[in-house]
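Chain lettering (A, B, C and D) follows the sequence in which the chains are written, and residue indices restart at 1 in each chain.
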Amino acid sequence: MSPTPEALAAARGALAQQSIELPSWAFGNSGTRFKVFAQQGVPRDPFEKIADAAQVHRYTGVAPRVSLHIPWDLVDDYDALARHAKDLGVTIGAINSNLFQDDAYMLGSLTHPDAAVRAKAVRHHLQCIDVMRATGSQDLKLWLPDGLNYPGQDSIRARQDRLAESLQEIYAALDPQHRLILEYKFFEPAFYSMDIPDWGTSLLHCLALGERAMVVLDTGHHAPGTNIEFIVAQLLRVGRLGAFDFNSRFYADDDLMVGAADPFQLFRIMHEIVQAGALAPDSGVNFMLDQCHNIEPKIPGQIRSVMNVQEATAKALLVDRDALLAAQTSGDVLGANGALMDAYNTDVRPLLAELRVEQGLDPDPLAAYARSGYAETIVAERVGGTQAGWGA
Amino acid sequence: MSPTPEALAAARGALAQQSIELPSWAFGNSGTRFKVFAQQGVPRDPFEKIADAAQVHRYTGVAPRVSLHIPWDLVDDYDALARHAKDLGVTIGAINSNLFQDDAYMLGSLTHPDAAVRAKAVRHHLQCIDVMRATGSQDLKLWLPDGLNYPGQDSIRARQDRLAESLQEIYAALDPQHRLILEYKFFEPAFYSMDIPDWGTSLLHCLALGERAMVVLDTGHHAPGTNIEFIVAQLLRVGRLGAFDFNSRFYADDDLMVGAADPFQLFRIMHEIVQAGALAPDSGVNFMLDQCHNIEPKIPGQIRSVMNVQEATAKALLVDRDALLAAQTSGDVLGANGALMDAYNTDVRPLLAELRVEQGLDPDPLAAYARSGYAETIVAERVGGTQAGWGA
Amino acid sequence: MSPTPEALAAARGALAQQSIELPSWAFGNSGTRFKVFAQQGVPRDPFEKIADAAQVHRYTGVAPRVSLHIPWDLVDDYDALARHAKDLGVTIGAINSNLFQDDAYMLGSLTHPDAAVRAKAVRHHLQCIDVMRATGSQDLKLWLPDGLNYPGQDSIRARQDRLAESLQEIYAALDPQHRLILEYKFFEPAFYSMDIPDWGTSLLHCLALGERAMVVLDTGHHAPGTNIEFIVAQLLRVGRLGAFDFNSRFYADDDLMVGAADPFQLFRIMHEIVQAGALAPDSGVNFMLDQCHNIEPKIPGQIRSVMNVQEATAKALLVDRDALLAAQTSGDVLGANGALMDAYNTDVRPLLAELRVEQGLDPDPLAAYARSGYAETIVAERVGGTQAGWGA
Amino acid sequence: MSPTPEALAAARGALAQQSIELPSWAFGNSGTRFKVFAQQGVPRDPFEKIADAAQVHRYTGVAPRVSLHIPWDLVDDYDALARHAKDLGVTIGAINSNLFQDDAYMLGSLTHPDAAVRAKAVRHHLQCIDVMRATGSQDLKLWLPDGLNYPGQDSIRARQDRLAESLQEIYAALDPQHRLILEYKFFEPAFYSMDIPDWGTSLLHCLALGERAMVVLDTGHHAPGTNIEFIVAQLLRVGRLGAFDFNSRFYADDDLMVGAADPFQLFRIMHEIVQAGALAPDSGVNFMLDQCHNIEPKIPGQIRSVMNVQEATAKALLVDRDALLAAQTSGDVLGANGALMDAYNTDVRPLLAELRVEQGLDPDPLAAYARSGYAETIVAERVGGTQAGWGA
């Protein structure tokens, strides 16, 4: 029942290499269509967002990159932004485009019936690619909010054809080391039909684009009852899992802290990752958070989320693979399930606390952050200006 | 297969008495958490909203009342507002309270752990009751956005107790002719647990309050797979169906035009209404729309919605009740289903067109509105000022 | 609002060419895990099943083929069976394999950890291919019931690899004119993870197999909220929609009569078919029913189902494509939705009645069948023997 | 983070008093509508079922009662059955009626349009009450499989009225110490509309019957996304939670081992129980398993299930209530969630192992059962006869 010292050491080694990317927009205000509740001390520009993200890395040691969102994180001087990040111990990660906040996109962007709107949306990605060049980012992340609210509103099929064409133009503009990572989402902001509603659609477009087009799996973007770890396994099998957007969801919305709604599911997902050797830094899978914090404080919310991913990963690393395989091979249903559950039921918090101490960190990141006074400082200092707002 | 002349005449009689209440907020801008797309000509105050609502009644003849939402529709002089409405051929309907846009309500309103916040939320309803007195409205509609995003965030049970207490205070403040109509909603804006998530919870509170507390059934507020007409039948059976909030929904959001997502479901709902005799004006069931229009023009969106309800009602009225009952009683599954489907498959648009002509209306409300030039007029005239925004 | 004579004539022409394949197992007894209620007059062998299926064709004129299920429909002399069918005016359609009723398959068939079980399951398909040769059938239909009930029970990924290998062996055994059509199913009989749970998985395996491997879309096999017509459009776009299994479902089970749960959805599906020109007999899409009748009589249940598909098709054919395209292109949301709804709201039963009369059929197939006395005859004659039982 | 010695001692005290009732039908063969896979050594009569159930109690110490299902567990001599149970250390628990396997019930039982069928179904309960008298059972458990497959098939409302009447007759026949416990189920075996689909309907009927009518909450009987612990809290609040039927479910079916699909949900449910003081033996809540084992061995499946409930309970008992309440009261969202998660993340297996040793049991029930040789004995001895089959 208890993991062996060898298993613990191996897990610790893998955990020491893990990294999780943070979204800059997690630190701004966010909410529902009903209300955005403002919080004190929220960043007013990309520099402040990166400063907050760096706090998460400072106390967890596993969050060294920050995704940007364009145009929210447009600055005049990306060298300055990159230096600022470097000074704080972090780097710039994926560049996210925005296809949902321009008035032109009411009926679509890359799939819009009007070629002029599609061209505008393609051009926006060229701007994003420029930011990638300026920041050294390698991943262009594209989430398509396009879709239909009403049956008949537009041709489902024509939109797929337009999408394929628009994506080709964007892909062609990438540098050789760049990747296009393409997200799918079951519903919202369109309610009848999303133009990339499922992994199958995202994958078909990636296959048509080329080898550097990969699928992004957002854990909150599936129909109820969908087995997400199956999709993880399938995308790994065909070599097209480019990244995770981690968050969690009960019925709808997709902005709860990852692992908050169903920690067992997160463990099962990480189990597929570990089984496939995809945790390694060179696996090509970018582990990102994509969540906002509507009612909880933002920096602690991100710290907690990072810790949830770490705990699920630690449990997945402690699965006794020999016992599991033996039970699976012999058709021992309860034994195989039991081997998995043994790892899940293990309390890995002491292991992670030890790992942090080894790395010169406080064993309790949330307490250390609370003691640091940073929260009080930003509340006092960030007065005036416009608070950063939210995005997907 | 074709309805008899007697059946048609009876249906026409019932349809001539039908009325549907419109929400003032349907005419303002609305959207998702991602973006509110503004439309030209949108009202800038409650007077303009009522003017737009009156257009819907003008062309359909069945939408003579307008619900108000407080504080959005606060005015200085309710007599003036009521006269304005009357001049345009409509009256003020239900008064809706708002518990989701005050900063104090981030963690709840009527269920908040802090008694001062609960008292504030109760006081808001006293203000609403004053508006009822000023406008002659009889229904205080309460939708509770309160709930939890995270397990453990607050005590589920304590919140029920607080809710019961808050509702008692509000109910006690009503005049004898007033009703409290209490909505439930499966999810959103809270994502782990809503404080009134289902009809059972709403009904329990209504039973505790007294005879003038009734349940509001919003057609978009249920878990997937829920049989809504069953709930309609059950609430009618216990005499507690106070009102409908009509709209439609595929997976989430609840602001598509009623009947747009599943017209057969709307028909089945109206079939329960007709079977129970609850279509009659004195049945105590208030048939209201509660939907906003994110991408379609708002007045035509409301006209279309009203027509969808009319068509579903007409089909329900054409069900051959004798044939249905005979098949049901004899266990003829296909015959009974067939009797229902015969009515559903009937094209009732000619019947409704005739009815309109009889009433001195244009047979085609959408075309008549389009020809009227009203849309162009408001675009030209409503320049400057702040457009009215959205609510639930 | 009313279709033009030209539109009606074109629709009639297309409808006259439509054909729908019936499942032999629809005529046997079926039920839930709780109970199979036996009906009188149920067939006792494949010959009697075909006789019943021929009744459906006799009264509707659009159901000229019957799918067989192996081993349920194994006979000694397929020539005799084919002649019997021909004498009754029908032919043999797709051959369905069975991977769920052999004791060896408790933990899987084509994906089982034990190579011997996989080999057995592959061999069963060789037998099915022999039946295809004997009957002239061109479609080998494979629905995979394999999956897991518990997390960890087996390796999700290893099962995909085994599946790919097993499918290769089966595909290699087909004759050049044969197709392998591969179904997916969201859940059941496995409850944690199906080995082919979605269209993406089915398509990936088809792409790996070759050009004669096609996806089967069963309308009852999706997660709640899934937009099925999107999948139809997507599979048509990539040329891999091989067939439909029509039925309907509210929450679970997938054996209600097609069109019974959501007739508007069926219409939207047929709209995608018509838009893509895939209704034509040579489109490569086989329109099949796959449903059983638990509580309604079986032959009328099939007649009604066939009529439901016809009605949805007729409505789809009546969509004013010019008006639809014009509204879509100009961003007229309500106009485009309205063009679709105009067709849906049309009562097409008179059109189909006329078509039947033109074809020498009774305008009312259910009434004609009821008058025929066939039901009474089979109850009287089919006494003794074992009634045919149910399959997926 | 670690529980105090006092907290552990208190938890141990509460766990020592916990009891879980087993279903006799868990030990017979079961399956899906596709296939029942037979297992070796399965009981052939109620005596053998009780012997198997007693094994679960022998190794866990918390499963001292066995529910019976009538007519499956009808015997000639209930004194002999009760003595047999007593000799093996267990007693007879709730008596379950069966309304789904008689041919007369195809279209309903207590709600059937035909009064003669309803009378038959009522009479069956009189027989069950006789068994209660013979066995000393106090709970009559009624799960109603009645419902509709097709819209229009019968009147939803008339069925409620018939149901109310039938239940009155049954309730009137109970002895004063008897309870009627009434289950609800979202779907299956009826697929359009169940006659008791939700807790609201069950509660309304219980309220109409009287104080000894209580709701049974089956954890697998809800729409997706339903917050089950909310219902637990609500039913406890109104004093009408009579019992649990524990099991788990991903999308459909409801026969996976409790805690297997979502262990966090089970913990949240037990948290509501503990918070309300409803774990105590005299709380009136009967904690029962209701699950069958399709592919896993049955006795170990039950042992594992019992252990899952124990572990969830232990975690719920370790919640630091003071810390939780303080965080909730002060609006500390992350702190309150964290207090709950701290308990959930604790590994309680050592605590339960200690408790077993204190009670003279083996710390590892599954291993002890495996070593006992009982499984091999029953395979060898139970040859011939008819294996017991499955029920809901």
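The rule we apply is simple: a residue touches a chain if its C-beta (ideal position, glycine included) is under 8 Å from a C-beta of that chain, and two chains touch if they have at least 3 such contacts.
Given the structure is predicted, the values throughout are model-derived calculations rather than measurements.
When subunit A is left out of the picture, which chains can still reach each other by chains of touches?
one piece
Looking only at C-beta pairs in contact, point me to the busier pair out of A-C and B-C.
Contact tally favours A-C.
Between the options A-D, A-B or B-D, which interface matches C-D on more than half of its contact pairs by residue number?
Matching more than half of the contact pairs of C-D: A-B.
For the homomeric pair subunit A and subunit B, should the interface be classed as same or different, according to whether the shared residue numbers exceed half of all numbers used?
Same: when the shared numbers are divided by all numbers used, the fraction is over half.
Roughly how many whole angstrom separate the Cα centroids of subunit B and subunit C?
Here subunit B and subunit C have centroids separated by 40 Å.
Please set out, as single numbers or ranges, the residues of subunit B touching at least two other chains.
Residues 107, 149-151, 186-187, 192, 223-225, 227, 250-251, 260, 264, 295-296, 333, 337-338 of subunit B each touch two or more of the other chains.
What residues on subunit A touch subunit C, complex-wise?
My answer: residues 107, 113-114, 149-157, 160-161, 186-187, 192-194, 197-201, 203-204, 222-227, 229-230, 233-234, 236-238, 264, 268, 271-272, 275-276, 324-325, 328-329, 331, 333-334, 336-341.
Quick check on the complex: what are the subunit A residues that touch subunit B?
30-35, 37-38, 100-101, 103, 106-107, 145, 149-151, 186-189, 191-192, 223-224, 249-253, 256-257, 260-261, 294-296, 390-392
Using the touch definition up top, name the residues of subunit A that touch subunit D in the complex.
Its residues touching subunit D are 1, 224-225, 227, 250-251, 260, 262-264, 295-297, 300-301, 304, 311, 333-334, 337-338, 344-347, 349, 366.
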